[in-house]
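Quick one: structure below, then a few questions.
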Amino acid sequence: MIWQFDLFILVLLVITALVALKVRDLLSAAMIFSIYSLLMCLLWAEMGAVDVAFTEAAVGAGLSTVFLIATILRTTRRTTD
Amino acid sequence: MSENLPFLVIAAPLFGALVASLVGWARPRYCYAIAMVSLAAGLTAAIALLVKVSGTVSGYEYRLGGWPPPIGIQHWVDPLSALILVVITAVAFLAVMSARANLQLELPGKERFVYPLMLLMVTGLSGMTLTGDAFNLYVLLEITSLSSYALVAIGRGRAAASCLNYIIMGTIGASFYLLGVGYLYLKTGSLNMIDLRQIMIAGDMHGSQTVITGFILITVGFWIKMGLYPLHGWLPNAYSFAPHAASNLMAPLMTKVSVYVSLRMMLSVFTPDFLAVHALWAQTALLVATIAIIAGSLIAYSQTDVKKLLCYLVVAEVGYMAGGMWLMNRAGITGTIYHIAADAFMTCCLFLGASGLIASTGSRHIRSFRGATRRMPWTFAAFLVGGLSMIGVPPTCGFFSKWFLIQGAIEGGAWHFVAALIFSSLINALIFFRIIELAYFKDVEHEDDVSHPPQVQRNEAPWGIRIPLFITSVVIVLLGVFSPRVINWIERFVDSVGVT
Amino acid sequence: MSDVLTFIISRFNYWIYIVLMMIGLYAMIAKRNYVKKFIGMSIFQTAIILFYVSTGVKSGATIPILEHGHDIGHAAAAINPDHYANPLPHVLMLTAIVVGVATLGVALAVVQKVHDQYETIEEPEILFKLGQE
Amino acid sequence: MNIQYLPVVAVSISLLAVPLIILLNKKPNLREAVSLLAGVVKLGCVIALVPHVLNGEQIEIVLWEFEAGLPIAFRVDGLGLLFAFVAASLWIVTTAYSIGYMRTTKSKNLTRFYSYFAISLAATLGVAFSANLLTLYLFYEALSLATFPLVTHNGDGEARSGGRRYLYFLLTTSIGLVLPAMLYIYGQVGDLNFQPGGVLVDSGMSQTTLLVLLLAFVFGFAKAALMPFHGWLPGAMVAPTPVSALLHAVAVVKVGVFSILRIITGIFGTDFMAQVNWHEIVTWVAAGTVVISSLIALSQDNLKRRLAYSTIGQLAYIILGASLLTDRAVTGSSLHILMHAFGKITLFFCAGAIYVASGKKYISQMVGLGRIMPWTMAAFLIGSMSVIGLPPTGGFVSKWLLLMGALDARMNAVVVVYLVSSLLNAAYFLPIVFRGFYVPGDDPTKPVKMKEAPLWCLIPLWITALISIALFFLSDTAIRLIEVFLGVGV
Amino acid sequence: MKVFAFVLVIVTGIMLVVTAADFPAWGDAHSPPNQYLSTHYITQAEHETAVPNMVTAVLADYRGFDTMFETAVVFCAGLAIAAILGHEKKKRYVVRRKALPKTEEGDIIIRMATRFLVPVTQLFAMYVIAHGHHSPGGGFQGGVILAATFILMTLAFDLKTILGRFSEKMTLIWANVGLFIYAGIGVLCVLLGSRFLEYSALHKILPGTDEIMARSHSMLGVEIGVALTVMSMLFAIYAHLVSKGRLEDGL
């Protein structure tokens, strides 16, 4: 376990979370959220929680994002928010 | 087999949901029968469990997977949970009994989803009552919430829009609870409720900041879930726009079970001693509850939509229980527990009555009560029993819970809470007498024409709604008449956790 | 000074989890777009998961799978609990992840239904249209 | 049959009659016969109890135990029996009267009317026989709810607003004041039974607490219509006259004062009250009510409203007497429940008879009425005399005792209040009779034709008028009952 | 709303930050959560269940009741979404086709790649399910991967085609089968005279096992059940979300 690496991911996590909520394009937001999940999964794997990381990779980065994209394409992509 | 009763209570609706979802694909008509059978089985098992618990000293444990408690998950059945379990299964049985008539009118063709979801919800609620494991409770809470989101969103019109708010608030509440449990886990290393209490007492952790924050998170989380006043925003819209079949089930049960869990956490996990240390909390909570009661009653009084009105009454009633449990004396806690049971039946009766009214008049405006005494005397009479109980008229059960709550509040010196309880009784009286007045008088247009008494068309609610409605109103009275026995039963629990 | 630094660094996970959780909470309440709200909800939930996983970490420990697992009963006597990460939070969080994705799915389905009815997924616009009804 | 069950039968007989009344919806004669029959049985039960109570027997029965030491129970004592006798006997008379009144005015929904009437009577007797405060409270509330449909019987806008006001007043005060006070006492003392010495003696409550409790009860039992909580009574006069007569001259309002008497004698205890020394506040409130309401009554033109204000004044008499705490005053006030009931119901019956026969509601229209309806007006005179307190009517006895009681208490101001108010009573009743008999009608030249009310109305009102006179001579038994209750000799 | 949310977040945040100072240090092997139950699971799991992956052992055995409801949550979500988005009047699933369409527009490379990838991925998913006892993975992860292969196919071909192979009805049936396997194993234990989900009772009917191995084997059964439910329900959720419940055309 390398705490510098840990720190790096943690900071990146905050940044991706903020960006995902900030971008005006929902599709980008979904993709950035996917990156967030992937980083999270990396962090957990590095903390020794391999099963959780595995699940998060499949679910957070994979399925959640697919669900989000499906919804965005079925509704609207733009937002003023 | 009798050893396995706790599991039967949960498994009956769960298997019912599975079978109903399968059968519903080909033969939606059979779903109703399956649901009724499985709920009846659950109710029977719950009653058997009650009988079984009455023979034990303090309670009865059931180890799932056969593992001893802190390692595995444990069901803990004591007088309190056995009582609440019977209430839940009984109310669920009655509410689902009315579902067919409502669904035929509202959502024809969706039976195959609605019944399994209802059954899953009942599974979750019964599980929450039984479980002795803090994390297991979260999972069951989520299954309950998910099915209730779906049951709300399935409705027409504004249902979906109000459901979005419900999902957000519900998730915040559940997540707060999860986080609170995490804090306790961090400090104690255990998830079993009884174990948590013992470790906290043994390690003298009641002053620990982590435990305190955990407690606050859990309490606030369940305040959101039960819809205590400033956090109630989701409740009126979600329950009033949900299909009647769904709101008949959700309104009586969801808030009550949240109250129960909150109480269980306070008494069985954190112990009254812990709460006594932080006197400020009790004052704050009582103040919030007082505001909730007053605000809920006043808003209810200003409503013209019958279901909205009932929803705000629920908000006020939640204030009763949230305040009552913080009185932390024997009468207060007894009153709260009795009120959980009483209010479940009362709310069920009122919602059933309202749905019957809407089914036969097609309107949900309060004016549709006009002339109800002649058009639907039986439906209205049963509805009225619920209303009188809400006001607190003996011998309905509403009187006795109020009796104990006020007594507890006087003992605890919480005069503002006494005032709020009385105030809300009065407002309830105003509300229901306004309805009675509408039902009695504003019926016939040709009032002056004495020689030809107008022929009023009988327009009772469908039998499918009327039968459960009658049963509920009878139960309300019986619960009142047999209140000494129920109170004795509750006091057995209250004494065992050391509330004085 | 170094004490404070160690204190801060040793709990860095916890600080970040709080920041992420608050970001999520803020988004759930203040964001107007419902998809954004639900992204916020997912961030909120993963933050809690991060907290749980962090409680189970032991410095210098490995993943919670026995090393000589294939030969059953072989090294059982010599298991040192400090060598393996705590498996319990992992189990709990597996469940929490599933619950999270299930909630997200239901929420998004409701968003689609609302979009069908009101042609928008922005909260103020929905409220406006509800007011017009 | 065991004597214990008599009070239960007395209370429940009218409840049992309700299903029969509903079943006989289509057969008015039978329906009313059932009502009368139930009334007779009820009165029989009550009278059968009299000798037992006079012998000093304890008649007590626990119906249902709500919590350990807190039962729903009946206990018969002199005061309760006296009140029960008033209510039960007048029910029979009123039922007979309402047959005439309701049929002549062609009222509708008579089944509902008789049913709720029967329920109200059950609740009234329940109050009379209550063994503890909880039982009393429950029947008190039941009475409020059961009389609501009667007050709003006409169903028009006026009736509804009057009924709403009625309910708001009664429920607000009873739930808002009596219930918390009762719970507080229960929490502190753990006993709500009416006991001769009161239950609060050894409670160690502070003076302020006791004052608050006393005021909560005195004002909380708003059926007693003590000012400023009297507003519902004139409003409730929109009800049909039989209702006003029985409920608002007898049952409902007397339940209010009866409850206050019970509180003073059974919960506080007269001796303890005297010790605590707060009773004078009640005395002055009641005295004020007596004078003010009499003055307001003078200014009323609507006959029923004048009677209503008169009732408010007479009720305050009773409370005033009770608050003096001397034996003779308390006896007098208990007796006044009986005497005033018969006098006032006669007056109400007359007002109703006048309305039925001539359609007149206002006193200013009643000029020369004595020639058209001599029998009615003669009865009115007797009723007035009883309320004013002139011999040979029952009212004289009770007022005399009250005056003596005030003298015993050395409250000369109260003596003055009694005398002044009696004069005022005379001032607002006697002119009606005088103008009825001696001032000629609109057109003196026109020959006067007698047009009396129907016999079903006339006979009951003469019965009550005659009983009013009879009570002057028969007051001994009543006084004995009260003495047994108080354990004193006057 | 924004100001309110901001204040709320700051207040909650401060409360949590203050509390975090009270936490045991991060990575401390002697903090309460890492001592009490953790020690038992780490040292005893293999003795008691014969599964070296402690996560699987805790998930499927010690806390098997949780996991059953976790599966039920997925099931519930699938039903919920079908209920919310489902359209009643239309025909709900298309006629089953024998083969994938040969000539359609779209990227041939993607389709060919999918054809190669799907079997391999599904094989891997089965490995993940079956090998969950010894390596990271298990029923849930495997189920998600299986669902992902179906989603991949809908992306490469189209939704109708795939629904022809794996219709909504089939997803419902398989999801039910999955949960029935799980709960059924639990009930079987009851019928054999033990408590719910007490797998050791199954050694009476599983040939050649003792109580411990029975636990290990039952866990595999349970994992398969989880995988079936998760696979079919997640795919059904996707199918509904991507077509707004019409189940006709996907992305």
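Here are a few things to note about the model shown:
By letter and in written order, the chains are A, B, C, D and E; residue numbering begins at 1 in each of them.
Just so it is clear, a contact is a pair of C-beta atoms (placed from the backbone, for glycine too) under 8 Å apart; a residue touches a chain by one contact, two chains touch by 3 or more.
Treat the numbers as computed from the prediction; the structure is a model and nothing was measured.
Identification of common neighbours of chain B and chain D yields an empty set. At the far end from chain B, in terms of centres built from Cα atoms, lies D.
Among the other chains, D has the CA centre that is most remote from the centre of chain A.
The innermost chain, defined by the distance from its C-alpha mean to the mean of all protein C-alpha atoms, is B.
Centre-to-centre separation between chain B and chain E, using Cα means, comes to 31 Å. Computed from the mean C-alpha positions, the centre of chain C lies at a distance of 71 Å from the centre of chain D. Chain C has its Cα centroid 11 Å from the Cα centroid of chain A. Centroids of chain D and chain E (each the mean of its C-alpha atoms) stand 75 Å apart. Taken residue by residue, chain A touches two or more other chains at 1, 50-51, 55, 59, 63, 67, 70-71, 74, whereas all remaining positions touch fewer. Those residues of chain B in touch with two or more other chains are numbered 135, 139, 142, 146, 149-150, 153, 160, 185-186, 191. Contact with two or more other chains is made by no residue of chain D. All chain pairs in contact, by the document's touch criterion: A-C, A-E, B-C, B-D, B-E, C-E. Interface residues of chain C, counted against chain E in their complex, comprise 7, 10-15, 18-19, 21-22, 25-26, 29-30, 54-61, 63-66, 68-70, 72-73, 76, 79, 81-82, 84, 86-92, 94-95, 98-99, 101-103, 105-106, 108-110, 112-113, 116. Only residues 27, 53, 55-56, 136-138, 140-141, 144-145, 147-148, 151, 234, 237-238, 241-244, 251 of chain E touch chain A when the two sit together in their complex. Residues 3-4, 7, 11, 14-15, 18, 21-22, 25, 62-67, 70-73, 109-110, 113-114, 116-117, 120, 123-124, 127, 133, 135-136, 139-140, 142-143, 146-147, 149-150, 153-154, 160, 183, 185-191, 199, 208-210, 212-213, 216 of chain B are the ones that touch chain E when the two sit in their complex. Of all the residues in chain B, the ones that touch chain C in their complex are 135, 138-139, 142, 145-146, 149-150, 153, 158, 160-161, 163-164, 167-168, 171-172, 175, 178-179, 182, 185-186, 191. Those residues of chain A that touch chain E in the complex are listed here as 1, 50-51, 53-55, 58-59, 62-63, 66-67, 70-71, 73-74.
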